[in-house]
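Here come two complexes built around chain A, the first alongside chain B, the second alongside chain C.
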Partner chain A sequence: MFKYYLMLSWLSVKRTPMLTALMVLAIGLGISVTMTVLTVNYLMGKDPIPEKSHQLFHVQLYTYGKDRSNPRSADGYPYQVTYQDAMNLSRSEIPNRKTRSLQTGYSVIPSSSDSSPFMETARAIDSDFFAMFKVPFIYGGAWESSVDTKAKQVVVLGKEINDRLFKGENSVGKQVNLNSNLYTVVGVIDDWQPAIHYYDLNNNHFGDTQQIFVPFSLLPVLELPSWGNNNGWKTETINTYQDKLNSEQMWNQFWVELESPQQKEKFQAWLEGYVEQQKQLGRFEHENAGGSLKDVVEWMDYNNVVSDDNTILVGLAFMFLAVCLINTIGLLLAKFLRRAPEVGVRRALGASQGEIFVQHLVDVGLIGLAGGTLGLLLGQLGLWGIKQLYANYHQLVYMDMTLVVLAILIAIGSSVVAGLYPAWKICRTNPSIYLKIQ
Partner chain B sequence: MLQMNNIKKVFRTDLVETHALRDFSLQVEEGEFVAVTGPSGSGKTTFLNITGMLETFDGGTYMLDGQDVKGLNDKQRSRLRNEKIGFIFQSFNLIPDLNLFDNVDVPLRYRGFSSKERKQRIENALERVGLSARLKHLPSQLSGGQQQRVAIARALAGEPRFLLADEPTGNLDSLMARQVMQLLEEINQQGTTIIMVTHDSELARRAHRNIHIVDGQVSDYQDLQPVLEVAEA
Partner chain C sequence: MLEIRPILSALSRQKSRTLLILLQIAITFAVVVNSIAIVKQRLDMMGRATGIDEAHLLSLNINAIDENYNFKQNIHADLEMLRNTPGVEDAVVINQVPLSGSGDSSSVAASQEQFDKFENFGAGFFMADNHIINTLGVKIIEGRNFTAEEVEYTAARANAKVTIITKSLADKLFPEGDALGKKVYLGGDLQPTIVGIIERQAGSWVHHPILFDNMLFPIVRLNRFHRVLIRVKTTQDLNRILAEVEDKLIKRNNQRVITSINSMEELKASSYSGDNAMTKILWTVSILLIIITALGIVGIVSFNVNQRTKQIGTRRALGAQKSDIQKYFITENILLTSIGLTIGCIICIGLNMVLVEKYSATPIDWQYFPIGIGLMLTLGILSVWWPARKAANISPTIATQTT
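Presenting the complex of A and B:
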């Protein structure tokens, strides 16, 4: 019967093309707005590395003095760690992998005299970073782990900058001039663009990933500046780079990879031991002093990556969809009631109320499918608009297959809900009224 | 096989109650051809709608083929209607955007027949009314008489035991009306019971029995002649 109902729905579309087009347009508009907002919201909150997000932990230390806390975080912990803590944490042998991390930047001086120097953000990290965050390489790979302790001027380039400096060729072994220092290229990564920069939520969450990755061990050697947030709570005299390294300023991040809950427990205990040790050394004076581990999803929630504003926006988008559907209900009533005489005939020929009801719901489902398809096309237009307005969001403005399926399901589902009353109304119509006058 | 006892039907609005049928009793035997006459508003169509289970009733009993109709739910009534009753209407009531094949197919779809059986029944039914060559035509491409023959084919395709006809010749000229009437008589001779509402005394005279309804009650169904005289007057 479903095939028969589909055939009848198609005939119904042909019989009332304008009315049907209006309904498809109403649903399409509702779906496009909803899906545009939902896409951004969904990609913001989506687990960026589901296969191991529960194994990657961001480390926080409550390093504040007495009566100090981070007013922005839920538990008062600072978001970042000091350089000296990053150094100390990296000495733990418990994690499978670990990395210190800092957003820095360079003036890139191309070898070709006809190209001008340009500024580029960079990330100072340990060699484990690439394996931890599953960064794909096209040429070479990460530097040797010995470089993490014994600084060497090596660099991993992003595909984009490799295209720019080396025309996309394999540049491993070649040299790049950064801040007038020559770095040897050891690897080139593919186009790696996680929707969220979850590995550093202190700085811009969205936008392009860095194109230059250098060893963290170069910080004290080359005095690499911080191009990210620097949070201080203590009055300190910082005149030299060494002063900064020794200070209580928090400007580094620290990540560990822990494969099992037991390993996590072990590292957590180690962390508590470290805090106690630091207390004895006169640091970590706060009564809440401690260490905290948050996996990727927890870390994103903790940083309110999907803000309340976004959630409100999703609510508003669904309200707009509801308005579109209310209009559709009116149009459906008009469409169905025009067909009441035919329904009368069908009832006389043996159709039950249930069969008439289902036939009309199939009718609505078909309209919903068309509306959903139109909504997807209009949604692409909306996402394109966002891309034009907010360049940083360009990683968030595409619909993956999940969203496409979701859009169609929402369109059909909401249309069927909207069609319940009109379908119920028409199936309850007394057929005898129409049989005499048709 | 069709028995109504003291059927009551009242149409109510906020202001007025209209007794469409009052203590209406009737028995129709298998194979009969019954004509139902009466003035406008007398309750003929209400009677036909209740007979076809398109309307419920407020009192009395109605047995169709030994089954008490009153206790049935919508699904059961629809099933019974689909299996046992065929309808023919004054204005044919064909579905305009379905071709003849698909129009005749409508009751068979709800019956749940296989595609092969439906095809066979549709072709037989249309052949029976002389329209087997026009399967793909739309109703609008046919004359009024032909449309009514399609409606008859649609009513017959499911092989119902009853055919309920509401003014089946009302929209036809006299020649076409005679042809349709002739077809109904043939169908009746083949065993289908027919109940036909009509204003046409000539057609009523051709039925086995005539029931005259006045004010929602059977005026006289024993003696045909006085009824026809009243109708002609």
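Presenting the complex of A and C:
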């Protein structure tokens, strides 16, 4: 029977090629536009580290003086912490793992004289960083945790820069010249490109990750400059690097890994204690003074990783899909009703309403399938276009299995929604009218 | 003359199809008008005058490697070389480059008392020598430029005695319009006197409300990492300098790395890339939507014409002119589009209210409604033209045939 329906459908396609093409195009365009926009939105908002996103917490402290707040954040907290707070926070024994973090940069001076020096952004962190964010190593590993308190000139390199400096060989134990200082390589990480730099949303959200990782403890020793945001609220005279380290300027980040809610509570309580202690020292003068822990998902949300523009586009894309579907319903009605006389005859010859209904659903299904396929193809074109438009999205934009399945579901769902009413309407045709005219 | 009544009765006999067309027109209108409004807002933003000589500027970063690098000497030598390069109008070492998305800002108030009470304004904080006015290509409308003697070279925080500010900032600090000669307060002992006012100058963050509120200081920071801004004479010079500037600087002293050599146009495009993408996506969506709707109308009307072949033939046989038939379908379409647009206006305003409320969009100007309505009506008539002509060409003899 199904085969017979398929044949009927094919005949009806052949009879109304323009109308059919129009419907396939409408469904295809609707799906491609929706999928393109949804893909970007989904990938941006996607949990980058689902297995532990609720165990990693970004720490914020309300260090502002009276009447001060961060006008850009939802709760008025500053995004970053001061150096002194980063130092003090790292003394807590409660978290399993913790890391201070700063974006910095270097002039890299290759040893061979035929290649010229180049600049690279770098990240100053503690040894826990790699385990916390599940950074994969090819050679070696993180530096020893003792380096976090007693600075040593060691470095973890990214794959790309290791390829460039050491032709991809195991460079552990070799030396790299950064800003005319020699650093010993302790590890090389594999290509690590999270779509979103969730570990540092203060700087660029997207794009390539850093290729150089050095101990945070080197900050006061080598006076590593900040290559990220520096926010101050207090009138302070900052003439030297030491002044900056002692100041209320916020330019560092702090992450902790807390395994259980109990541990989180414990650390939260410790934070409150810390704030109280600092109050005694004359800091944290604001009435809202306190500490805030946000996990990865909350932190991304807080930093509006999915921008307003993306959300607007998703809304508009669904309205676009709605127009395409309404269009298809109209065209299907037209197509089916044109066939009403024929249906009348079939009904008179004994076909049940159900059979007519199913036959037309097969019709709709075929159109949906063709439209969905077209939609997926055009969707790839759409994604290609998005990559051209947003230079730093290249890590971000691709369709994974979830998205392909979602696209197929939207295609089937859309065509069924579009087809139900017309199919229902045609199967309720009263055969006698058409028989009379004939 | 207009056959509204038969049209209405015909439409009421096919309620679902009528409703579908109405909805389609309504949503298309709402989406297209809102999209165009957003596009217009973004284009206006990107098209704002920056006050600087955008077309002839380029910037680059220098990071010194050598431990014993003499900052002051090298900066002087670099600037002298650049300023004497054929095709270069002027050049400065500067702490931040306009439109680049990265830089410094500070709070400033009109009095110490206001500063202490946080009654202050944010402003971009630019530091360079007295060539900055000529390099940026900005216009001083009151007061004077910095003098060479006022320029201070320092690695520490400089205590500038004078500043030049933009008119936009001057108007905020001193609404009376008497900013020139007044002191401004930036905290501590930093209390420079305003010696000049610039007509207009864009700062670094294009999406920040303080984009045009800027202060200039005659300070050159002696940092390992510094930025250079170069103004050239012509576009040909720009491309030439972009290509050769790195070699020139390295040849003069190779103990440094030169990066981020960009023309101002590139920096601007990069800062606005999100808006640029948004306008292009919205254009594409709008055009596709219009095409889909138009094709939909063509399809439905063609079907109606087919359905009514016999009826039309009969009307023709009873004396209706070809033009009457065509007029019938066009009138029907105008009627449908008008009702659709009425619903569309309501959806459109509702959608805009949501966008304004939740996503900081701007309310749609009323002008967009007549433009959108005109567009949709024209589109409707164009879409119906061809099927209506087909209808008009139906032969009256068809009335006498049996099928």
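Keep in mind that, in the parts below, the second predicted complex is superposed on the first by the 393 of 438 C-alpha atoms of A that agree within 3 Å, B and C clash if a C-alpha of one lies under 4 Å from a C-alpha of the other, contacts with A are read in each partner's own complex, and residues count from 1 in each chain.
The rule is simple: a contact is a pair of C-beta atoms (placed from the backbone, for glycine too) under 8 Å apart; a residue touches a chain by one contact, two chains touch by 3 or more.
What you see is a predicted model, and the numbers here were worked out from it, not measured in a lab.
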item	value
Partner chain(s) touched by A:107 [first = chain B, second = chain C, both, neither]	second
Chain C versus chain B, contacts on chain A by residue	C
Which superposed partner A:337 touches (first chain B, second chain C, both, neither)	second
Touching partner for A:347 - first (chain B), second (chain C), both, neither	first
Partner chain in contact with A:237 - chain B first, chain C second, else both or neither	second
Touching partner for A:355 - first (chain B), second (chain C), both, neither	first
First, second, both or neither for A:306, with chain B first and chain C second	neither
Chain B and chain C footprints on chain A, overlapping residues	none
Chain A partner contacts - residues on chain C that touch it in the complex	16-17, 20-21, 23-24, 27-28, 30-31, 34-35, 38, 61, 63-67, 118, 156-157, 187-188, 224-225, 250, 256-257, 259, 270, 273-274, 276-278, 280-282, 284-285, 288-289, 292-293, 295-296, 299-300, 303-304, 306-307, 355, 358-361
Chain C contact footprint on chain A (complex, rising order)	18-19, 22, 25-26, 29-30, 33, 37, 67-68, 105, 107, 109, 116-119, 179-180, 225, 235-240, 307-309, 311-313, 316-317, 319-320, 322-324, 326-327, 329-331, 333-335, 337-338, 385-386, 389-391, 421, 425
Chain B-facing residues of chain A, complex	1, 4, 11, 14-15, 341-342, 344-355, 430-432, 435-438
Contacting residues of chain B [partner chain A, same complex]	45, 49, 52, 54-55, 74-75, 78-79, 81-83, 87, 89-91, 93, 95, 97-98, 106-107, 109-111, 154, 158, 166
